[in-house]
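By written order: A, B, C, D and E. Residues from 1 in each chain.
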Amino acid sequence: MNPLVAPIGLSHYLVVGSILFVCGVLCMATKRNVLGVLMGIELVLNGANLNFIAFGSPMLRADQSNSIGLDGQMIALFVIVLAAAEAAVALAIALNYYHTHATVDVDQANELKG
Amino acid sequence: MDAINWHSFFFLMCALVACTFAIAVVIASNIVRMACYLVISLAAVAGLFFLAGADFLGAAQLMVYVGGTMVLLVFGVMLTARGPFVSMKTGPAQWLVALMAAGALLFVLVQASFSIPAWAGPLASQPQPATLPATAEQLGYGLLGVRADQLDQRDAVARGGLSGYLLPFEIISVHLVVVLVGAAYLARAKRRVTKLSTNTAGSHKP
Amino acid sequence: MIPQAIYEKLLHPFRPWLLAQDFAAIDPWIEVRADGLPEICRVLRDDPDLAFDMLNCITAVDYFEPDEKKAAAAEWQPHLELQYHLTSTVHRHRIVLKSRLARWQNNEIGQLPEAPSVSSVWSTAEWHEREVFDLMGVLFVGHRDLRRILCPEDWAGHPLRKDYQMPVEYHGIQAR
Amino acid sequence: MAEFLAQYVPSWLAYTAVGLVQAALCLVVALASAAVFIWLERKVSARIQDRLGPTRVGGRFGWLQPPADGIKLLCKEDIIPAAADAPLYRIAPYISFCAVFAVFLALPFASGWVALDLNAGAFFVLAVAGLEVFGVILGGYASGSKWSLYGAMRAAAQVISYEIPLALCVVVPVLITGSMNLVEIGDSQKGWFTSWYLFHDPFTFVTFWVYVTCVTASTNRAPFDLPEAESELVAGFLTEYSGWRWVVFFMAEYAAMFVVSGFGAVLFLGGWNGPIPLASLLGLTPENHAILGWLGNLLGMANFITKAVLGVVFMIWLRWTLPRLRIDQVMTTCLKYCVPIASAMLAGVMIWTYLFPKGVIDGVRHSAPVVQQASAQPQSGDHR
Amino acid sequence: MSTERMQPETVEFDVRTDEMLINMGPQHPSTHGVLRLVLRTDGEVVNEVTPHIGYLHRCAEKIGENLTPRQFLPYTDRLDYLAGISMNLGWALTVEKLLGHKVSEKTRHLRVIVAELSRIASHLVAAGCYGLDLGSFTPFMWTFREREKILDLYEDLCGARLTCSYITVGGVTADVPDGWLKKCEEFLTQFEPVIDDLHALLTNNAIFIQRTAGIGVMSKATALDYGCTGPVLRGSGVDWDLRRDGEPIYTEMYDGYTWRVIAAPEGKYPDDHPYPPVPPETILGDSWHRYFVRMLEVVQSMDLVRQGIEKYSMAAGDVDEPIPLKKKLPKGEAYLETEAPKGQMGFGIVSDGSPVPWRVRVKSSSFCNLSVTPELCQGVLVADIPAIIGSLDLVLGEIDR
C-alpha cells in the first residue's frame, strides 16, 4: 500500500502528533537552558493541537458520527492563545532569573533546595 | 498506479519537515539554532492544519504562534545571551535515560493511534471536497452559538442546547491582557540614574 | 572699567601677589605670582564690579634662546610665561593676567614646572590647561584629569618648547 | 484554469503547471516592482531635491539604472564576516523575502484574479507579514557585530509593536464587508469612488490614515527607518550585508512597499474599482461576454496597480522630506497614538454600521441561508 | 549652577542590559570630521561621553614661529575650512593691531562684505548637515546648492573656492573684479525665497522639533562657564556678539552698519522678526534654539552684505595694498578675538622685533563648544548624540589646529 496513493487517515495525523509530543518531552528533559525548556513546552502544545484538529477534521474520518467537529478547532484556538500567555510569563520569569543569577542554566537554580 | 493522491503527498511532505526539525530542535546545542528549527517546524505544523481543513487555524498558528510567541522567545534568547552563545551540554547519562523513556512513550502512542479501526482513514470512495472548506465563518458562528457543523445532530436537544464559545473567548482575552501586563511588570528592572553626581556611573539596584 | 581701576580694586586684598603691571601696552596686563592665581581669579569672577565671567584663553610662551650668541643679547632670563585673557560680558571690559614660571622645576631638566589650576573657577580652563600641559609641559595642580589632549597619549616631549627636538621615529613611522 | 488543463493532461501535472505559472507571475511582479521602484525612488527623490536623478544610463530618463545597479551588486564579492553565524547569515535575507512574497499569493489584482482565493485572505496577509521580522532579527544576530544586533532589536521591536494597530485597522473593512475574503472586500466597493470604504464613514477615513502610518512603520520606511539610521547605527542590521544578499533584503523592502500599498488599496480604496466605474459603464462585465469580462478585469488590474504605485510614491515622498524619529518617539506614536485611535475608530465603525447600514445588514442576511443549507458547503461569495 | 534636570530621577527600563562601551567615530558619518566619542551606554541610555580629539592636529602654532605673518596666512584658511575668509580676517586684524595699522574705508567695507558672505556659507553647511544628522537628506541638498553659488563668487574674487587667503595683513590681495558686486546682489535676491523653504522644511517640521526641542539644554551659566561662544552662546540667551561688544579695532569695521545681535536675553526673540514663531516645546538653550539663531544670522548677514555693497560703491579712493612681505614687526604682544561663524576665534602674536613672530597663539571656538558635550549628553538616548553634536556645529580642523 504505497503511502503516496493510500488516502491519509486520522491515525497518520496522530502519529505525527505523538512524534512532536515526544520531541517536546525529550527537549524539556535534556535541555539545561531555560529557554530550551520553553521550546520543549511549545512542541508539546503543538503536538496536542495537531491531535485536536485531526479529530475534528471533516476530511479524515469515514463516519462523521462521533467526530468532535468544530470543537476541535475551537479548543486548538484556545490552546494557541494560552500558549502565548504562558510563553510571556515564562519569559518574564526567565529574564528575572537571568538578572539575579546572571545565567540561564536551569541546573544552577537550586536555592530552594534544603 | 492510479493518480497520486495529492492530499497524502503534501501531508507526507509537511509531516516530514515538521518531525525532522522537531528532532533537530532536540539535538541542536546552540540556542539560536534551536529557535530557528522550532520556527520551521511550527510553520510545517501550520501547513498540516491547512491540510486538515482548518485554514483559519493555520493562519492563526502562523500569526499568533510563529509570528508572536516565537519572536518573544527569540527576544528572550537575545536578551539572555551572555557573550558567545555558550552551549550547555547535558551529560550522556541523562540523554540515555531520557531516550529510553521517550522511546517507550512513543511506542505506546503509535500503537494506540493505529489500534482503533475507526481512525484508519476515509474510504477511498468518499470524494474529498475540492475547494478549501471555509471554516472561518463556521468558527465565527460557532462563537455565536449557531453550530453549523452539528446541525445534522441526531437529537434535537443537543442541536438546540449547544451554547456558543463566546463567553470562554472573552474570559481568555481578559486573561491574556492580565498575563501580559504582569509579565511586563515582572521583567521590568528599576534603576536610579543619578545625574551630575561626581561619580557619573549609574548605580544599579537589581 | 579701565585696567587701572581693576588694578586698584585688586591691590587691597592681594598686594603681595601683584608683582607688576603695564597699562600702556596694546593689551594691558597685570603680573601675579603663580600660587595666588586661583584666589585672584575667583575674586575677579565673583566681584560684581569686575564680573570676569568668561576666560577667553590660556596661552603659554616659552622665553628661551637656544643658541648662546642671541641668548646673551636677550634682556630676559629663560622662563615660561602663562597668559590668562579674561573678558566680562557684563561690563564689557578685558584684562590679561600674566604669571612667570621657571622653565624646569628647581632647574632640573625634565622636571615639569607646576602651576595651580583654575579649572575650579572656569570649567573651560580644564581643556585649556590640558592643552598647555600637552604642548608646553606645565603641570597644573588640582586639575581633574591632566592628560594630553592633542598629541597621542604616549608622545614624548612638548612640541611648543623652543628646545624641542622632533623624535626620529614614532611607532615605526620615520618622522625626520 | 486547472480544470481546463486537467482534461488533456494528468491532473497532477495540471495542478503543478497552474501553481508554477501563478508563482512565476507573482515572482515577476515582485521583482519587476522592486526594480521599477528603485528607479522611481531615484527619480522622485531627485525631483524633490531639485536635481535630475539618473539620466546617463540608458536614454534620457535613465531607464537602465536598475539593471545597472543589479549587475553591479551581483559582481560584488560575497563577504561573510568572520564572527558571523554562517548558515543563519545566508538564510536571513531569503526568509524576509519569502515572507513578503507570500503575501502576493493572497493579494487580488482584479475581481477573481488572485493566485489563491483564500477565505481568510486578510488574516493570512497579516499572519505572513509577521514573519518578515524573523529575517531582520536573524540578519542582525548572524552578522555578529554589536551594532547590527542593536539595529535588529530596534527593527524587531518596531515591526512587532506596529502589528497591533495594523491588525486593528485591517479589521475595519473586514467588519464592513462581513468577510475576510479580499476579493469580496474589493467587489463590495464597486461603483463610483463614493462607494470606497475610504468615504464610507468618517471613522474609516481616519482609519485609513492610521493604516498608512502603521504600514510606513512596519516596512521600516521614512520617518520610522530606525534600523538603518545611518547617523547612529551606521546601517543597522544591513551593515555586514553586501552584494547579492543585500539586494535580496532591498527587494524585500521594496516588494513590501508595493504589497502594503496594494493591500491598503484593496481594503480602503476599492482595489480594482476606479473612481469612475469605466468597466460597467462600457459594458465590459462578465454577464455580457467572457472576453468583455476579461477586458473589464484588465482595466481593474491597471486601476489597482496605479493605486499601489501611487501609495509607493507617497512613501518615497515621505522619506525625502521628513527627518527620522527617535526610537522612543516611534514607540510612543505607536502605543499612545496609533493603538488608541485605531481601537476608537473600530468602535466607531461598529456603531456606524449598526445604526446606518448601507442597505441590508450583510452579516445577518448572510447567516440565514447558511442555516438552511447546513450540509452543503456554502459557496463563497455567490449569494449576494 | 544646578538646573532643573539635576536631581536624580528613577528611570525605569524594560530590561537591564550590561554596560557597553561604544566608539562613535573617528570615521563615524555623523561626527563632523575626525572626532571620536566613546559612549558608555546602558541599553539605549548614554551614561557618559568622552570626546577624543587630536586626529587632525598639525600644530599650526609651531609653524607660525618660522613664518612671517603674511606667509602664515594660508595656514589660517585650513583652520575652519568652511569659513576660511573669517579666519584670514581674524589673523589680519591681530597683526594690524600689533602694527597699529589702519586700513582705508573702502577696504573695511569690502572686508565686511566678504566676511558676512563666509558666515552665510558656514551657517548653510551647519543647517544642511544638521538635517542630515537627523535623517532628512533634502535640506542638505538645498543648502549646498546655495553654498555653491557663494563659492563661485569667491572663485571670481580670488581664484580659490575654499582656501581663499583673500584678506591679508594691511588690506586685501586684489580689488573686486567689475560686475562682481552685481553678481552678489543677484545671488542675494534669489536666495531670499530659499530661506523660507528651509524654514518650512526643517524649522517648523513637527518631527524636527520633536528631535531637537528640549535636547541638550545648556543654561546661561554653563555656557559661560565652559567658554562657549557664538550661536551656541547666543542660543542660551546670552546677548554677546563681538561685532558689537568686541575690541575697538574689530567693532570699527561695522561702524555705520545698522544691525542687531540675535539673542533672546529674556527667552524671547525681538518680536518684529518676520520668522516662524518659536514652537512651545522648545526650552531656551536647547539644540533647536542654537539652530534657530544660526538661521536668523543668515538673514542678518544678507542684510549686512547689502549695506556693505552700498557703502563700498560710495567709498572714495581704492583698496589698500598689503604690507611688504618681510616687514619687521614691532616688539610687543597682541591678542584679538573676532566673531567667526562658529564662535569667537582668537589669534595671539608675541613678537621680539624680528619679521618672524616669537609665538603665535590660535584659540578655537569649537574647542570650547565641544568641551561642553560630556555635560550635555548625560543620560540622553544614543539617537540624541548626533542631534546635540550637530547643533554645536563643530569643525575638527579648527579644534585640532
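Basically, a residue touches a chain if its C-beta (ideal position, glycine included) is under 8 Å from a C-beta of that chain, and two chains touch if they have at least 3 such contacts.
As the structure is a computational prediction, the values presented were derived from the model and not from experiment.
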Most heavily contacting chain pair (counted by C-beta pairs in contact): A-B
Farthest chain relative to chain E (centres taken as mean CA coordinates): A
Farthest-lying chain, centroid of Cα atoms versus that of chain D: C
Most centrally placed chain - per-chain CA mean versus overall CA mean: D
Separation of chain D from chain E, taking each centre as the mean of its C-alpha atoms, in whole Å: 47
Rounded Å distance between chain C and chain D, as computed from the means of their C-alpha atoms: 68
Whole-Å gap separating chain B and chain C, where each centre is the average of the chain's CA atoms: 74
Separation of chain A from chain D, taking each centre as the mean of its C-alpha atoms, in whole Å: 32
Interface hub residues of chain D, defined as touching at least two other chains: none
Residues of chain B touching at least two other chains: 4, 56, 60, 68, 70, 75, 79, 129, 133, 135, 148, 184, 187, 189, 206
Sequence positions of chain E contacting 2 or more other chains: 15-16
Interfacial residue positions of chain D with respect to chain B in the complex: 10-12, 15, 85, 88, 91, 118-120, 123-124, 126-128, 130-131, 133-134, 137-138, 141, 149, 153, 156, 160, 163, 179-180, 367, 370-371, 374-375, 377-378, 380
Chain A-touching residues of chain B, taken from the complex the two chains share: 1-2, 4-5, 7-9, 11-12, 15, 18-19, 22-23, 25-26, 31, 34-35, 38, 41-42, 45, 48-49, 52-54, 56-57, 60-61, 64-65, 68-70, 72-73, 75-77, 79-80, 82, 88-90, 94-95, 98-99, 101-102, 105-106, 109-110, 112-114, 116, 118-124, 126, 128-129, 133, 135, 138-139, 142, 147-150, 165, 168-169, 172-173, 175-176, 179-180, 182-184, 186-187, 189, 206
Complex contacts: residues of chain E adjacent to chain C: 53-54, 57, 59, 61-62, 97-98, 224-227, 238, 240, 245, 247, 332-335, 337, 344, 346, 348, 350, 352, 358-359, 361, 363, 367-368, 371, 400-401
Residue ranges of chain B in contact with chain D within the complex: 3-4, 6, 30, 32-33, 36, 39, 55-56, 59-60, 62-63, 66-68, 70-71, 74-75, 78, 129, 131-137, 141, 146, 148, 151-152
Complex contact set, residues of chain D against chain E: 45, 48-51, 146, 223, 225-226, 229-232, 234, 320-329
